[in-house]
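Each in structure tokens, the structures are laid out below.
Here come two complexes built around chain A, the first alongside chain B, the second alongside chain C.
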Partner chain A sequence: MSDPVETRPAGPDWAKIGDALWRGLVRQKELSILLVTVAVAIYFISSNGRFASSENYHTIAQYFTPWAIVAAGEVMLLICGEIDLSAGFVFTLAPFILTTFADNGVPLFLALVLALLVCAVIGTVNGLVTTRFNIPSFIVTLGMYFLIEGVSLLMSNGAPVSAPSSGWVVEVFGHQRWSELIWVVVMVVIMQIVLTATRFGIYTQAVGGNPVAAAESGIRTKAVKVVNFAICSTLAGFGGILDGMRTGSFDPTNGGATTMFLAVAAAVIGGTALLGGSGTVVGALIGAVLLGIVFDGFNIQGTSANAFDVVLGIAILVAMLLNVYLTVLRKRVSR
Partner chain B sequence: MTAVIQAEHIGKRFGAVRALRDINLRVDKGEILGLIGDNGAGKSTLIKILTGYHRPDGGRLLFDGQEVTLRSVVHARSLGIETVYQDLALVNDLPVYLNLHLNKEPVYRPLPFLRRKDMRRRAREALDEIGIDIPSVTAPVGQLSGGQRQAIAVARSVSSDARLLLLDEPLAAMGAKEGMLILRLLARLKERGDLAIILIAHNYSQVVDVCDRVNLLQHGEITFDRATKDTSVAELLELVHAEYRMGGNT
Partner chain C sequence: MSDRINRLNRRDTLRWLGAGGTAAAATMALAACSSGNNSSGNGSGNFPTTPSWRFVFVNHVTTNSFFIPTRQGLADAAKLLGIPTPQWTGDENGNVANMASAFDSAIDGGADGIAIALTDSNAFIDPTKRALSKGIPVIAYNAAAPNNFPLAYVGQDLYQSGLLMGQRIAGQVTSGTILVGIAQPGANNLQPRLDGLTAALKQNAPGVTVKPINTGAQQAAELNALTAAFSGQPDAAGLYAVDAGSTAACANLITSKGLQGKIHGGGFDTLPDTIKGIQAGALDFTIDQSAYMQGFLTTLHLYLYRLSGTLLKPPQTDTGLTFVTKENVTPYVAASAYEGGSSHNLIQMPGSIPLPPPSMVTI
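Let's turn to the complex of A and B:
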């Protein structure tokens, strides 16, 4: 890199700053989606007085935290070329596993850990079946989707049960105001670091980007995928437990397909390529926040909830088109 | 002078098909051997035996004068036998420096974090050393030209302790200018002196330009072995096409 030496000491060179910003926007998908999110937030703040309140921000957080934590796992899977359709129902199931352990006298914290372990096992099964038998994960996790949905309905008898209501575990894992959001942000940060700063993260990107090359260099591609399936299920289960603790009720209608699809939508809007190879966890978080803001904004304005789906649909299509277009642009910028 | 690799009476059958019969071949340090032959002559099979992918049915392989049995591609690689495949083994979404370090990434032990700065520096050094001009090591490989990508694939193979480098048609589907980039790179690698190179190519003028010696493979046998200074493109073309002319009707 050799920039020409600046000869005349002028004030801020707006053309240069504009150019840098433009290059940044093209290079970093997250930056463009962040700008859209800020713009949408400003729109709702200025158009409705009730939007800008701590209470409402908390409401927005309640919307997007489940999507964001499930998305954190889905991003890892999408990057390595797989998907987990069952994650939404693992979100549903995890609190009931915790309850089962707790009801049998296991201390609450241990019950939580054990529940997460069971979730990890579910993900491992997804991963092993996908990689050992070479079945598309779309099909494997579709099967797991119905299986886990059925198990959650059986375990709950189809009705909500009250969540544990006292003790430090309850307070720390969801009940304290903002604790769910803090956990989700922590998880997103950890996963982003895993993705970009560790060998495992690079392997994940390599396995999705060029499986043959990854295998040829000696990367154990199947193991990488299985671990990512386990991570995705564990994060989804953790999200379900946090959400249940927050509301004080474990409900078999929580999570499910809606949460899973919104998580995938958040990932895609946040710049993750559906065919693998690239994406970021932070981008998916921003995508989830954007969806949360729109959902909440529409509620406040009294817009029909059905309009949300229209906006969501358009947002996904625009995000995909932008992904394709940006790839072309990025090539030009780098030449 | 002992050859880096020497094949003696190598044969290979696939069922009723005799892919290779009595192959004798050697490559010395600092030598580039051009391997030519029509499709189906056995070039790929021979390469796959030298990389440990196939086991020969008969004959023996000598590596640095010692008889070896190559158990697997990984085993061959541990000896310093590296291959650059036609299908570029690069990850397009990852930057140049990560591709060069794929599965060899250094980390801050005992922490699991990548030493990105070191990798960028080393990648730059490795590319400079063999004279590859890439504008930025942080650019994703997918944004580079075919020749640059091929050059990076070669650079990755030789950045380790390579002794023998096998290139399977690295010049196919590449323009003249891009091809030159690779040929010049091979000439630089030859200067290193300790590396033996086998180049499979269809473009005989490039073979004559860059190789020291050329072997012609026909029906599983090496039928011609000569220093390139003692042969010509016309002679090579004549040799390869002669057998199809003898019948007279095609």
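Let's turn to the complex of A and C:
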């Protein structure tokens, strides 16, 4: 594009500098969802004086941390064109695997590691069945969804059990105030680095963006997918253990479909394409924060249960629309 | 180029502001709808004018039809007392972590009183302590848990209700197997009933084997679970349940298979299918725990506690254990607001009142 009009005086051109700054900022994928989130936060802060307190920020963190950590794994899968519907129930199951190991005398930390290994195996099975037999992951993980739900009901006998309540493992992995949030942020940062700065991350994007070209250029697309399935299940299981340690109760009602759907919603709100190719883990975290703010905010406003889902649904749709609109704006500006 | 971008920016900025404004307006309108009836308290009867106290009920199955009378009760009490209708929140599917977060939101939001269904023994201890330390009264309703610190419990004495149910069954069944549906084994609001029932039968009718059936929390699936269990045990002497949905499923199963009079049946709560089952003779009895009272009295307790600056401490309240049978089922059939309907019409008193269980006071 040419610029026919060049009549500005010399010297520091503030308008130009402003333009450059604006364009630089707007190029960031996560900016649009961040703006929406900030706008929603400002709305709640201004409409209810109780919203802005460190205790309430902690409550918001309680809401969104499970969604954010499950979303971190789902983003990787969505980017390579797959989805894991069973992640919510792996979240439910992991604490009971940990208890089973711990009850049999395995030290708590080792039990945690073993539980995560079992989760990784579940993810690997998801991935292998999907890639070896060419079954859509939607179907494979739908089967796994019910299977894992059943297993967690059997292992727990449908009843909550007390989480371990003492020892450094408990404190570090969820019980200590803010520790759950710190772990989730660490995981999100790691996954974002993996996605954007490692060869594996580039492969993941390539596999989703153009599978044929990726395969032709020598990427082992199936292996990439299987690893991502394993990562997703492991993160979900880790999230379940952190959340259980925080609440002090391993409960078969935790996690499940709602957690999985909210995680996928967070990923998509955060700018990840449902059909693969592009996405950002940090965006999903911000998407989850947005959902957490909306949940907490409307609860503080005093919205009752039946109206709550209506309000929540509209809020998600409006946030999504604004996000898409800002994304279009971003593309136009950075052209 | 920069001019073009500037022009674009201006136009886009205006459009974006417009869209943002619309969204903000929509959100505010919604918020206005949702936090309606914020009228300031007028003072009821002899009571002084109070601030618009905001009470919050945290529930484990917010959309479950069992709690419709509870919500009616809390709304009726609030109207009587001139305070805003308490908020009804928690989780739709019993997710304890979500309930705890809703509890925390209520504390952070400066609620004036919190009612919580203690469906978990651990997750609500910290929030309860935190609320009390901030001067927010906490009352447990519908489900109680050991080692927590609510000011009082408003609900059924669950173990006792199971015990009395077991004693009643022992009067009808003395041998064989009975199937007992339970929506969530181990749950604080159900398992004690099953334990009480089992204990009573062990003592009063040791020949009876109790076979618990895990029916799951979804009402449609409960019938399937019971049907399957009955197919596997067609010689069962009785079909019982310790939760609302499974009891309705018992009634449906007995009616649909034409087993009235051939098999004993009974359970808890007063869902429409259960009441129909009582009328049709499919169920011998159902136990009413008065869901309405759990909303009404909890709200009243919170109000009086605040009003009196803690002088009127909420009493432990057993919301009752009424055996509903064919003899006294009539008032339940009217769609009154006290049992899940919407009518506040005066209900005709019966000519005589059946004798309740004898009083158990020791002198």
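Keep this in mind: the second predicted complex is superposed on the first by the 276 of 335 C-alpha atoms of A that agree within 3 Å, B and C clash if a C-alpha of one lies under 4 Å from a C-alpha of the other, contacts with A are read in each partner's own complex, and residues count from 1 in each chain.
As a working rule, a contact is a pair of C-beta atoms (placed from the backbone, for glycine too) under 8 Å apart; a residue touches a chain by one contact, two chains touch by 3 or more.
Computed from a prediction, not measured in an experiment: that's the story for all the values here.
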Touching partner for A:G218 - first (chain B), second (chain C), both, neither: first
First (chain B), second (chain C), both or neither touched by A:S249: second
First, second, both or neither for A:F109, with chain B first and chain C second: neither
First, second, both or neither for A:F261, with chain B first and chain C second: neither
Winner by number of chain A residues touched, once chain B and chain C are compared: C
Touched partner set for A:F295, first chain B, second chain C, both or neither: second
Touched partner set for A:G209, first chain B, second chain C, both or neither: first
Contacts of A:A307 with chain B and chain C, given as first, second, both or neither: second
Touching both chain C and chain B, counted on chain A across the two superposed complexes: 1
Residues of chain B defined as touching chain A within the complex: 74, 85, 87-94, 98, 102-103, 105, 107, 112-114, 136, 139, 143
Residues of chain C defined as touching chain A within the complex: 1-6, 8-9, 12, 16, 19-20, 23-24, 26-28, 30-31, 33-35, 54, 56, 59, 62-63, 84-85, 87-98, 100-102, 104-110, 120-123, 125-126, 184-187, 191, 214
Complex interface listing, chain A residues touching chain B: 1, 197-200, 202-203, 205-206, 208-210, 212-214, 216-219, 273, 277-278, 330-331, 334-335
Parts of chain A lying in touch with chain C, wherever the complex brings them together: 1-3, 5, 15-16, 19, 22-23, 39, 43, 47-48, 50-51, 53, 55-56, 58-59, 62-63, 66, 153, 156-160, 162-163, 243, 246-249, 251, 253-256, 258, 295-296, 298-308, 311, 314-315, 318, 321-322, 325-326, 329, 332-333
